[in-house]
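There are two complexes below, and they share subunit A, which is joined by subunit B in the first and by subunit C in the second.
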Partner chain A sequence: MSIVTLSADQTDALQEIVNIAMGQAGDSLARVLDTFVVLSVPRIRLIEAEQVSQSVAALMDDATTEVTAVRQSFSSHLRGEAIVIFTSGSVSALSDLMGYEHSVDAQTEKEVLFDVSNILVGACLNGVAEQLDADLTFSAPSIISENVTPDRVLTGNNLPWNYCLKVEVNFTLEEKNFKSHLLIMMAEDAIATLGESLNEFIAAI
Partner chain B sequence: MATPILVVDDSAMSRKLLIKALPADWNVEVTQASNGQEALEAYRGGNAHVIFLDLTMPVMDGYEVLENLKKEGLNAFVIVISADVQPKAQERVKALGAIAFLRKPVKTKEISAVLEEFGIL
Partner chain C sequence: MNTNLQPQSPPLHEYVIERINVGVFSVNRDMAIVLWNRFMESHSGLRAEDVIGKNLFECFPELPRDMLERKINSVFILKNFAFTTWEQRPYIFKFAHNRPVTGGIDHMQQNCTFMPVKDAEGEVQHVCVSLLDVTDTSIYQNMLKKAMQSLAEASNRDGLTGIYNRRFLEETLAKEFSRVRRYGGNMSLVLLDLDHFKNVNDTHGHLAGDEVLRNAAQRVTAGLRQSDTAGRYGGEEFALILPETTSEGAEILAERLRARIADQPVQHENIAIPISISAGIAQWMPHMTRYENLIEAADVALYKAKDSGRNCVKVAQVQASNDGDARSQPTGT
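Entry: the complex of A and B
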């Protein structure tokens, strides 16, 4: 098994690229919801697959908070999975902001989550791809886990990789009970491809 | 005489990109800061006639820097350079005294336009 790494320069470049892309994602979300979106500094870490669940659990302030996760895979020049994790309270906050009244049925809730996932994943990953001169195609979003504790988000989904590049971006809305995390998971060979693209990006500065 | 400017961003890559995008004919002396706290110290040390300020940073973010500068009687031109391009973010920084809001990745001609508009260049 080869050891996969990104250098400090590559990580710094990727962090800045994600930061720019995330700004576009936040802007898209803010326009749709007509509210201000608070963005975190993106965190990038290469982790071993067996630590993924633990690392997802660590995203939450409270390990008992229930979350729902939506996954979209991307392919073409770069391949991987984007996973958006919503705290359960976020769904009603989103339905409110998107103009649905009172209680929404399960189908509508799903649509709201898919719409928001599409916005975040599309804007963020297209932003990254654009800066690296890459093209991406996306699968339709699907729910991978619903109302589970954070440590259970990715269990039962066998991750076919030894390493994952975890790109963590947090979106919160002011005055609303909404919190979501975007994770980008990539396999070793895709991380190597990304590393090459980052080298070209750095060389061009 | 070289104009003292301050480049504030937590990403070294981003500071490098910005410094590279500065107009070639602008004679400047660059000080760099990687968070708001460092930026304020550099400003108080007189190293900032123009400040290029990122918004999303650890320790102290760009909004807090602007608030502090405002309290201290802002005596510098602040140009916010941000990936966060929400209209409300732009309104907020302008209300806090920034002269311009430029989107990352920033282009030389956009910087030149702002500098000329405010008679800095």
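Entry: the complex of A and C
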């Protein structure tokens, strides 16, 4: 099996693009949420399907913390899925932030998670797409796992790919007890397309 | 001679947007409607010429304004898509649906996509909303959910007695056990065993035995608190899972149960069959790391009750032995 991977130059370019995109994302998120958002430096990695469960578990300080994960797909020039992982129980801080009324039932809780995921995912990916001169289409968010330990968010079974590119960013909200992790994942066939876009980007600078 | 006598048709994309069986409308930054297709016209009863140029929320005061403004504004600011799905928010517009007779729901169930419409400079000037009628999907989904619920319920029940089965008991015990280990507090487990049940079967037949089990199951489950769980653990054995209950509290409950069962024989085909139960109680202790430890402790106490002549209640008491290992020892009551 030949592994389509990114060259050192392409990885550097991607890191730069994602850094810029996250800076912009933090800014737009602060405007929408009206609070200061702290984003980590994005980490870019090529991972194998067998490592996926382990790599999600490694995001958390505590492997027994229950989490809920929301996914969203993006397509057109770049194709993949974005996954936002919330620690269960961080919803109350969020619903407050998103201006929902006090009584938050189970359905509204999900709506809050979807809204926040959609904003995080859109803000980050649109920033990346803009720099690569791409225009993305997004699917509606949906829950992939609810109240599970981090290692069970994604398991190596039944994944139709062998390896994928993973971009990982952590979000923290100042003043709020809230932390979430954004994973942008692109499977093997989409990596080649990303590589071409990166080549054009490198040629243009 | 002019062969083209037909009036000028609109461009294809205009025609499609106008006639497609999906709601399509757009608003500008002032929330004024700028596009309103035929689907929106026919379901809202308001024609495009009535609403175009007017504020969306003035035309439809019943809309969830806070939520929609928040969504639409986020599309303008972030230049990003936004969504609503029927599972979280069944509808935005109170539209009638095409299942008025067989539907069993109030309004058309809707999935909406809010799309940024960018100008040549890349600025978002409009938000275009597409509204899908997902009423049928939601009806099937709800039917499926109900079927799954009744299946789940059935798989938790014991076929003979109708009370919870061992599978459910163990699941509940495991959950309650990890809760008490994590957050502290108390919990107790009571194991109950019908005395001389084999004799009932041998003397009166298996039908009588079944009746005794059903009757005992009803008496065991009657009068429990909402948070307590009772079920059939095995053959003639029952279990009670009592959250936030010390062994003293469990003992009072078990003693009441024992008396209730011993006081009244079971009637089967005009024969009164006297029954009694023995009970073993164990309270969770911090040294117990697996829920099986709690079952073992209750089991030891139950055997003690059997050995002490049956029709009685025994509590497992925890004593730390010399090697530092705590063990459960049954003591009489």
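Quick note on the criterion: the second predicted complex is superposed on the first by the 198 of 205 C-alpha atoms of A that agree within 3 Å, B and C clash if a C-alpha of one lies under 4 Å from a C-alpha of the other, contacts with A are read in each partner's own complex, and residues count from 1 in each chain.
Here is the rule we go by: a contact is a pair of C-beta atoms (placed from the backbone, for glycine too) under 8 Å apart; a residue touches a chain by one contact, two chains touch by 3 or more.
Predicted model only: the values in this text are computed from it and were never measured.
Peer 1: After aligning the two structures on subunit A, examine subunit B and subunit C and state clash or fit.
Peer 2: fit
Peer 1: Give one of first, second, both or neither to describe whether A:Glu48 is in contact with subunit B, with subunit C, with both, or with none.
Peer 2: So A:Glu48 meets neither subunit B nor subunit C here.
Peer 1: Which partner chains sit in contact with A:Glu200 here, subunit B, subunit C, both or neither? Use first/second/both/neither.
Peer 2: In the superposed model, A:Glu200 contacts neither subunit B nor subunit C.
Peer 1: Would you check which partner chain A:Ala13 touches, where first means subunit B only, second means subunit C only, and both and neither mean what they say?
Peer 2: The answer is first: A:Ala13 touches subunit B but not subunit C.
Peer 1: After the superposition on A, what does A:Gly26 contact: first (subunit B), second (subunit C), both or neither?
Peer 2: first
Peer 1: If you stack the two complexes on chain A, which partner ends up touching A:Ser40: first (subunit B), second (subunit C), both, or neither?
Peer 2: first
Peer 1: Output check: A:Pro141 vs subunit B and subunit C. Expected answer is one of first, second, both, neither. What do you get?
Peer 2: A:Pro141 contacts subunit C only, not subunit B.
Peer 1: If you've got the overlay open, could you tell me the nearest Cα approach between subunit B and subunit C in whole angstrom?
Peer 2: 13
Peer 1: Please output the residues of subunit C touching subunit A within their complex, sorted ascending.
Peer 2: Per the stated touch rule, the residues are 66, 70-71, 73-74, 77-85, 87-89, 111, 113, 122.
Peer 1: Mind listing the subunit B positions that touch subunit A in their complex?
Peer 2: That would be residues 10-14, 16-17, 20, 56-58, 82-89, 103-105 of subunit B.
Peer 1: Using the touch definition from the top, list the residues of subunit A that touch subunit C in their complex.
Peer 2: Residue list for subunit A touching subunit C: 28, 31-32, 98-99, 107-108, 110-111, 114-115, 118-119, 122-123, 126, 130, 137-138, 140-142.
Peer 1: Inside the complex, what are the residues of subunit A that reach subunit B?
Peer 2: 9, 12-13, 15-16, 19-24, 26-27, 30, 36-37, 39-41, 131, 202, 205
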